Each structure stands twice: as C-alpha cells, then as structure tokens.
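Quick heads-up: structures coming right below.
Common to both upcoming complexes is chain A, partnered first by chain B, then by chain C.
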Partner chain A sequence: MGYASAIKSALFKLILVLLAIALASGIFGSYASCFVAEALSTQRFSARPNSDNGNDVLGGEKTRINWEFQANESAPITGFTLVFPEGTTFNEEDASVTLMDDSGTTPGENDHLKRVPIQTVYSIDNLDFSAKFLNEVSADAYLEIRVQNVIFPQNGGELMFKASVNLANGDIVEVRDLLQINVKSFSFADKLAKDLSEQDWVKAWNSNDFLRLFFNPPVLVSSFPVVMQGFFTALALVLCAYPCAIPLGLLLALMRMSKLRLIRAIGSIYVNIIRGTPFFLQLYVAFFGLPLAGVQIPSFILGFIMLFLNSGAYLCEIFRAGIQSIPDGQTEASRSLGMSSFQTMFFIIIPQTIRRVIPTMTNEFILLYKDTSLLAAVGVMEVVMYAKTIVASTGSITPYIVAAFFYLIITIPLASLVGVLERKLDVSKAANNQVNVLDENDISVNVKDESDIDGSIAPSIALGQTQVTLQEDKNLQNDGAKNG
Partner chain B sequence: MSSLVNLEGSDFVGYDMDVMKAIGQKLGLSVEFKNLKFDAIIPAVSAGGQCDCAISGITINPERKEQVNFADGYYTDGLGFAVADAQKYTKANYNTELNKAGVMIAVQSGTTGEDYVKENFPNATRQAYDTSNDCFAALQCVAAISNDAVVGNLIKMSYSSLTKIDTISTGEEYGIAIKKDNKELLDAINKALKELKDEGKIDNIQSKWF
Partner chain C sequence: MDNKEVIYQTVDLHKSFGELNVLNGIDLDIHKGEVVVILGPSGCGKSTYLRCLNLLENVTSGKIYFEGNDITSKGVNVNKLRSKVGMVFQQFNLFPHMNALKNVMVAQQRVLKRSKEEAKENALRNLDVVGMKGRANYLPSQLSGGQQQRVAIARALAMDPHVILFDEATSALDPELVREVLQVMKELAQSGMTMVVVTHEMQFARDVGDTIVLLNDGKIEEKASAYEFFNNPKSQITKDFLGHYSE
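Up next, the complex of A and B:
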C-alpha cells in the first residue's frame, strides 16, 4: 500500500461522507419546511361580508379581517407582520389581538372560550401591518387577530396575504398557510351609490333626518337591485299560485252549490276556515307546524301551496256569487232546450259568470300579490324580506320605500284595469236596463246577443221577464275585500 | 324562552329587562318597554321618536356604532350553535359539514349570528327569522345560531330535541343603544351602569338568569 492508494481511499471516504451529508440535509431540509408549515396553523381567515345582502366581500367598502391561528412555535411569540394585498388601505384603529384560552368548563379539552386581550403596539409600513405584543404570549397560544377599517381595491379578485411571526429567540417564522380572501368587484349600483354619497347635494339632502331615513339616495340606488330579486320571487309565487287557485275556486264553488249535503258541507267548512282565519296564522301553522310533524317542504314550494289554498277559498266565493248572479231563467231555458245540467253549467252559466267576475278576480290577484309579503315572517326571500335585511344593515327605512315601489308597479296598472273593466260592465248593464226595462219593478230582460253591446261573445239565451238583481253584484264586490 | 327578553303574560321579563329596570331605578325614572323586531331596533333608535334607548342583547360593533351610540357593555357573550341531528354534525366537523350548498342555517334577522354565518358559512343557505324562537321552531333548518345565553335556555326550556354543539367565543359585548344626539342619557346610563357594577347588582341579576 503506497501513499497513492491511501489518498485514494481517503478521498473516496470523503466523497461518501459529503454525499451522505448532502442527502441528509436534503431530507432534513424538507422535513424542516414541513415542520415550519405546521408550526402555525390558521384556523380561520376571513373578512366580514360588507355587501348589503349576501355573503360577498366587496372592494372599495369598509370591512374587517379576522385571523385565528393555533401557534406551535419553538419559543414564545412576540409579534407578527401581516402583509396586505396591493391596493388595500387599512389602519390600526380598533385593531385587536386576543388570546383565546381555556375557560376550564370542559375538562380535558381547550375550548378557547376565555378571551384575554393582548396589549399590542402596531406599526404600519406601506402594506405591512406589524404588531408587537407587550404581554407575554406562550409558544402554543391560540390567537385571534382583528384589523378593522380595511378597504380592498375596487376591482376585487382572489387577494393573497403574507404573514410572519416573531419569536422571543429572535427568529422570524414565515406563515405558509394560504391566507386568501375572495373580493368581489363593485357592482354598477354600488359604484353609483358610492358616487352619490360623495356628492354635495346628497350630503345636504341627508342632513335632514326625515329625508335621510326615508329617501336616502345612495341606499335607494344600492338596494334597488337587491329588492328586485325579491320582486321576482314574489311574482313567481303569485303567478304560480293564482292560476292554480282558479280551478280550485271553481271546484269549491260548485261543491258549495251541490245538491248533496255532504259535498256542500265539505266545501263550506274549507272556505269558512280559510276565510275565517288570518293568512298570517295559517302560514305560522304550516311553516312551523309541519316541520315539527316531520314534514319537510322547501319554503318556496310551501309558500306557493299556502297562497294557492288561501286564494282558492276567496275565489270560490267570487265564483259562487258570480254564478248565482246569473238569472235562473238562463238555466231554465237551457234545460228546456235539452241541455244537461253539466252542459248548462259549463256552456251557458260559467262563460257568462267569468265576464262578470273578471274585475273582482283581478282584485283578488292584487290582494294575493300583496299577501306574499306575509311570507317574509317565515323566511321566504321575497320583497319585504330583502328590504328588511338592508334596513337592518343600513339603519335606513329607504329599502321599504323601494319595496313599496315593487308592489305599486304591479298593483296600480291592475287597479286601473279593474276600473276599466268595471266601467265596461256598467255600460252593458246600463244598456240592458235602458233597452229592456219593461216596468218600474226593476225587471229587465237579457238581450239576445250581448256582443252587440260590449263586443264580448258570451252566450246567452233570450228570455222574457227575468230579474237581474243588482244587489248580488254588490255582494260580489264585498267578497273581493279580505284581510288585506 | 329566551333568557334576555321574554314575554310572560303581558310583562317583559329577563336579564335585559332587570338590568334596564335597575338603571331606571338609579336614575329615578320609570321604564316603559316597547316590543320591536330585532332588525327594527337600531333604525328605530337612530330615527328617534319611538324610544329613548334599546336593550335586547345588542352587540356593540363598529357598524352599529355608526348609527347609534352605545353605553358601556353590560354582558359578554358568544354565539351558540345548535343542530337537530347531533350525530351527523359534531363540534369537530360542523365548520366544514355545514358550509355546503343546500344546508339551511336559521338565523335571527339583523343579528351578529347572521353576520357570523355570512362570513364563515358562505356556501350554506341562510334562513332569516324575526325571533330566535322562530329559528328554533323552524326545524326544517339543519342548524340554528343565536346568542349563546339564548341558545342554552331555549334548548333547556322548549326545544329539548335540539343539541348545542358549540359555543363560539366572539367576545361580543351587549350594550344599550341610544340615539346619537342624546348625550345626556348616554352619560346618565353609563353612570348608573358603573354604580350597579360596583355594587355587585349586575352580578346578582346575572346569577338570577344564567
């Protein structure tokens, strides 16, 4: 063995050792980084939703950051730095650091219910929000950090935060957790509302308490699209329920006029119970009673069913009064012409009835549409419900005014339609009376073809000396009025 | 049965009522109570005319402070989370299990509980009710959230089939809301509250109700 071979084997050993060290440090290094990631685990990182409705965090609008983490560091924590995303503004006002400690009420488990405020000095450098704790905080503390008055950039996006924790031994540990907040960009209405709130005339307007509470322009603008969502729900509810209620009402009306006492009784009991109790109470029974009985129905469907059942009872009375207002002579005449009672009802009586009850039916539609507001109390997201949530968050009554608009937009045109229809009916009645009054005892005769008078083609049979009782028409109007 | 405010016959009883009556006594004023839905309270105080101040487990927070003034806090509470099916939803899994589309969480409209669900359970559907009682009555919801003190009592007194799975420590403090420009009443109530706290009366009322 010469020097050469000795050097060779020494070199070989050296290379082996170096390799081993490199390998070991590689494994260790990756292990160490794992360890760092686990050294602090974020339990919650969120921003307070600040849109008037819904869960969205909006840019350009004040919010609050909430960061909770369980530390598992090698040394006591003395502070932290949170790096905000580009374009965000914030300040240290009302910021807080709280140690959430064990209250000791549940043995063997840390419930984090005891809140200990940590005295903290904050410093802000551009986007860095740094905090230095004045109290001692243990290495395994569970901390809650809140930063108020945070305004994210208006464009929004998936905004990333960076953070690091300072330890008592001088180490600065990077936080590897994903600290992300999804910020929605400003909607058009929100932008408009914000622009408005900065205008001088709006400030002057809002300095008046009454105007600010009832007609606050920015709230008016920002709540409009939100309340409109409820408008569509309410409209969908009534447009589903009302057409379904018409056949139900007709069926009930025929039941109430049936010759069979049992059928008549069933119809009467149903109609009297529904019309004799407030709709509000019926909703409470259905929405809170059924779930207790184990029947689970989605709230929109249940709302639809309740409107349908309720309206059916009112329409029943409208139809019954309408059918009974058709002179008996019509029935007698059609039966004498050989029509069956079924044919008489469906081809002679009901077509005439429909023309007479259209104004009252329209009124019933208006009442039903307004009644959808009662569903707010049982959690259906309709007009009033949306308005309520904004009133609660803004403290202004303005959203209710917006809600009123969404009712009036339907009810005013329909009410004027009712007016037109009633006038038309009056014309035909007046014409009837003029042409056909035979003597002073309020006796009139239906004309042969009423289309002569008002253009409608309701079939009708000419017959002498039939009484048209105007009083029944009055009943008709009364039946249209309900709890509204 | 809510331990804060509750209607017994035609009288309002509860912790909040006793605190307010004690303050009234200190100030030599008789207190007349008026019942409003929770989400209507802050607008009513801020508008004035209907009431001088409001007490109803109202958490002091920056958003409300923009609309009304708050006297010093008189009780610190958290939020209570109750579920109908305690086998499926537990303390360990509810944060992820309830944050799913199609899950209904009942909240009282306008409360910090509602805000908490908005922030932490954005995927779930919030179902807002006027009172915490309604939240619990509507068992069609999977879970309900309300003031911790209220949840505990409601389950004990009326809704034994529900289970409280967690208490969330939010550190929220309840305060009496007063109209912004009524500085005198604010000072008077703060003074009365301080005296009551020093005399241990607030602690007495607390042990009576909780």
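Up next, the complex of A and C:
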C-alpha cells in the first residue's frame, strides 16, 4: 500500500463517513479463525506483527509464524508438514516445537501452562517445511510450533497455508483447518522508513535521545500514512458536525431571546449545562452511559452527535452576542417599514450578525476540530488514537508529533484567516471615513445664512449627550429584565 | 386646514415608562397634506410621541385614530399600519449589508409583495427624487451622512406612505450636510406629503411648517400656525424657547 492508495482508501472512508455509515476500523487482525477438523483443531495461527504501527504483518519483512493446535487423534503425532504460500522464504533456524502441558493447572489459564520443548529434526523442500519429532508426543497433546525468519511476499494478501500431520501408525492426515494470514503489502512509507533507518545520518540523528524520541525519522515516515487515516476521520467528524451545529446554535439563540419564558428557560438550561461541563465528561456519559441503557450507536455516529450538540451551545452564545450587538435602530427601522419580527430577524438582523461573527465562528471551528482528539478516550479512531497505538508499539513519541502536524495543518491557516477577516473589517472602516471626507466636496447646497448653521450645531451636540444616557438607561433596563 | 381629511387623531394620549410619565394627555389632529412641526426641549417626549404614532411604543392610555381607525385597540394589524406610515430616524438606520437600492427595495418586496422588477423601478424613481439615483449601488458605509439620510427618506417614500414621521432627521449630520436633507424634506412638503417633523431647525419650521406644536413636559404648550407661532407666541414658555434660539 503506497501513499496514493493510502489516500484513496482514506478518501473512500471519508465518503462512507459522509454518508453517515459507521466506519469499520481499518485494522484487521491477522488471526485466523479456529475451525475444528478431524486430525487436530487449530487454536491459533498467526504471524507476529512487524510493522512500525505494531498492528500489521507486512510482506518483505521478517516475521515469525505461530501455530498452536490441539491434537485429537487416536494415535500419537510424530511430525508434520507445513506448506508455505508461494513466494515466502523461511529457514529451519530457531524453529521450535513446544508441548504445552496443562496438568495441574485450571483450564483457560494459558499463562500457567508448562512448556516442554520437543526435540525435532527439520527438513525443507521448496515450500514444504517438515518436522519429525524425536520425543514421544501423546495423542491429545497441545502443541505450539514456531518458525522464525519468515519473509512473506512483498505484495501481501490473504495467504493460505496447507498442513498435514504424521501419525505413529504411519498415516498422514491432512489438516482441514483454515490456515490463513493476512499480510499487508510493504508500503512505500514502510520501505522508506526501513531505508532511512539504515542510513548513517539517521543513526547519528537517533543517537541523540531527544531527537530519537520526538523526531525519529523512520517512525515519522511510517506513522504518517497511519495517522493520516485518523486525520480524515477527524476532518469528516468536524465537517459533518459543524455545519449541523450552525442551525442548532441559531435555533438556541432565538430560543434564548424568545418572549416566552418557557422557551427561554429550555434554551438557557441546555446551553448552560453544555458549556458548564467539560466535553470530556459529556463524552464519558454518552459513550459509557448509552450502551448501559441499551442504546447502541456506532462510535463514529455518536462522536458526531456529541460534537454537534456541544458546538451548538457554543455557537448559540456566539450568535446571541452577535444579534445583540446589532443596534436597536436596525430592528426599529425594519419594523417601522412594516416588516414582521420574523422578516426583520431573517432579512435584516441575521445577515448582519453572520458577517460580524464569522471570525468567532471560525475560532469555534478550530476549537471543535481540536476537540475531536477527546474522542480518542472513548475509542473513536481519530488522529490521537492512531498516534497512540503506534506510540504504544514503538515506544517513540514521534507519532504524537505527526499528530500535532495534522492539527496544525488545519488550525494555522484558519487562524491566519481569522486575522485577515478581522483586519478586513478594520480596513473597511478606514475606507468609509475616506469616502466621507471626499464627499464633503460634493455638496452643492447653498448656505443661506450663518446663524442657521449655528442653530443646528448646538442642539445636535446636546442631543448627542442625551442619546448616550438614554441608551445606557435602556441597556440597564434590558439587563434588569434579563436577570429578573 | 380643518376642512381637510384627518390622517391622525390623538385623543388624551398618555405614555409612561414605569414611574416616568413622558406624555401627559396629548390631543392633536394631523390633516392630509399638513406639515406639523413639533418643537420642544430635550426630553419633553417628542420622539416618544412619534413612536406612539406608528406603535413602536405601546400607549399607556388614550386613543390614536389613523384614518378613522382606532390603532390602540387590540387586534390591530401593526405591520399594515406601519407600511402606511414612513419613519425617518436621526441615525438614518440604513441596513448596512444592503446597497442603497436594496435598502429601498426590501420592504416593498417583503411587505407590499411587489415583484422584484416593480420594486426596483419604484426604488430608482424614489432615489431619483432624493437625488441619490447615481449612488444606487453604494453601500451605506460608502455614503456621507446626508446621502444616507436621503436614501432613508427614499426608503420611506417607496412604501407610498400616507404620512412620514421625521425624528430629528438632520441632528446627526455635520452642519454642511444638513441642507441637502432639509432641501429634500422641503420639496416633499411642497409635493403635498403629510409630514410630522421633530426638529431643531427653526428656519425650516418657519419656512415649511404649516402647524407648529411646542411640547413641554409631555403636554402641548402651544399649537399655532407657523406665522402665529413665530411672530406672536402666546405662552411664556414658547417665548423663552424661541428666545433661546434667537440668541
């Protein structure tokens, strides 16, 4: 899987997500299911993950095969043959067969099994890996077979093994269990990471503890496409939730300014609860509470709902402040023309409000986008969650640095956009003043007599003052009314 | 004037804000084509009276009849009344997100349900009346105060109002911008528009006003024709008030 296909699959996810279909997380375990067959029953057939993210089995990289089975033959097993998939290389070095003895332990407690190594002679014929036991093995043995240094083909795929066991009575019994391992192709990023880790400058770089921990080049490269999957999830979440939150915020703002006490109360209770409690806590309540109450919602959808509900409350306050910042004169002018309160709100007040609150709304988008990281705590596979899994498997902090990159790539351009928008408002004010100055030359009305002009100045100054006090009185009264 | 049709009839109008009695029994008839100028010291209730006339304020007691209908009774269609009563404010109150043309069109379309073409044609005609047709595409922020106020007048005119209320339409303007607005108002008066004008422009009141009303403490102190009012005031308060301006 190269970068291109990584992007393609992530985009595909994005689309699914936009259709509000829950995402099956992109990681498939490499474990085969257990099937009961006649000769034996395979309990586990797997390859050890060898990718930097610690989850995948990659082609072209060394791994180790584990095969555990419960023999249920009448005759003891004396050996086996495992046929590897085409294109796989392996050797018998360090291969081992171990008898797991559960005598004296309670079943299920695998950790307490006694491990008894079995002397084995191996032989390899092309893809056939055969083993002959030198020790006696009982008919109901539980065996674990390990083959080291296995390298699967680079292209990966769902690789099938075949196997047979030799019994003491000379029979050879085919194993019917599905022996399958899902091998991921060795991605471009993984290859690059591998090449990097072999370079001298990288070794020198990594000899510094700080640099290795935070900026380890191979980890940086290999975790990038993985964390990017989380980036698309986070982006999809916020791009779904935010546009939905805008009408909710508007509705809540109108509710909070309603004439009806009950509507006002509902609006303010909602907003105060959402804004008055940590989003983290809200997530815990929803993600752990709802399943207990028998409500099962896919985590992506629930994450979307929670972001939507949360952002709606914050947008409400942004809109309310915006609407209240529009001078009363606008409402009065509109109403005096005969427009209804509804028409006034939608044609006069809200369009002006939107213009004023776009910078704050952009900030709210930034906050909401960053808040998607909290969903990691409840298992949504977003940026931090992906980074965390790689950190857990590599012990390097570098994936978190990659995660930071995926936040900054959105937040920095938006923050500078806010700056531009705010400056633009200032610039338009300055431009207006200029226009006014220019227009003074335009006036072509004759001055009749000087006293007339003087007469108009004095009262207008006095008026200006009364106006101010009047408005303050009104504000006080409004506040009083709100508090009451 | 008394033989003409009465547009507004105010009967014993009272208005108080809580404890504060602002209007204390106003009786006034306003006739079709009449220009009534309301004078009075700051805080005497001039604005409040105008705002009662188009129900921007609810009256406390008394009656207001508009074209014979009691508009203080319950169930009055407030929006319909307001669409027939233009109002021009001290602060212009143009809609800043719309250009001059849109400012004049919006209520025609939303309230009178005129088609876009009709509203536009009508808007341009009224902008022409106030000498602002050339700036139809300007935003309010790109216009001077006087130009904004003229657009505001066109906005009121475009509704084909039966009466226009002016609340200190020139008080917020720089002195050199006052004239262009007064000129428009004067032409409007000459065209026969019914107007109720609150102003501090004595020259305008004298030249354009038919009836002058002096409000003091929420009551009509003196009401007379413009000539009588300025040349032969009866009340001492009127004399003092006029004396204040002639200094």
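Odds and ends about this structure:
The rule is simple: the second predicted complex is superposed on the first by the 274 of 484 C-alpha atoms of A that agree within 3 Å, B and C clash if a C-alpha of one lies under 4 Å from a C-alpha of the other, contacts with A are read in each partner's own complex, and residues count from 1 in each chain.
Keep this in mind: contacts are C-beta pairs under 8 Å (C-beta built on N, C-alpha and C of every residue); 3 or more make two chains touch, one makes a residue touch a chain.
Quick caveat, the model's predicted, so the values are computed rather than measured.
Of the two partner chains, chain B is the only one that A:299 touches; chain C does not reach it. In the superposed model, A:200 lies in contact with neither chain B nor chain C. Touch criterion not met for A:125: it reaches neither chain B nor chain C. In the superposed model, A:391 lies in contact with chain B only, and not with chain C. Judged by the touch definition given at the top, the superposed model places A:158 against neither chain B nor chain C. Applying the stated contact rule after C-alpha superposition, one finds that A:329 touches chain C and leaves chain B untouched. Contact with chain C, but none with chain B, is seen for A:352 once the two complexes are overlaid on the shared chain.
By the touch criterion defined above, A:338 lies against chain C but remains apart from chain B after alignment on the C-alpha atoms of chain A. Of all residues in chain B, only 38-40, 42-43, 46-48, 62-63, 66-68, 76, 78, 106, 109-110, 115, 118-120, 122, 127-130, 134, 137-140, 167, 169, 171 touch chain A in the complex they form. Against chain B, in their complex, chain A makes its touches with residues 44, 46-49, 54-55, 64, 66, 94, 98, 100, 111-115, 148-149, 209, 213, 287-288, 291-292, 296-297, 299, 377-379, 385, 388-389, 391-393, 395-397. Residue ranges on chain C touching chain A, taken from their complex, read 42-43, 54, 56, 79-87, 89-91, 93-97, 106-107, 110-111, 141-147, 152, 155-156, 159, 168, 170-180, 183, 200-203, 245.
Within the complex, the chain A residues that touch chain C are 327, 329-330, 332-340, 343, 347-348, 351-352, 355, 428-429, 431-432, 435-436, 439-440, 442-443, 445-449, 452-453, 455-457, 459-460, 462-464, 466-467.
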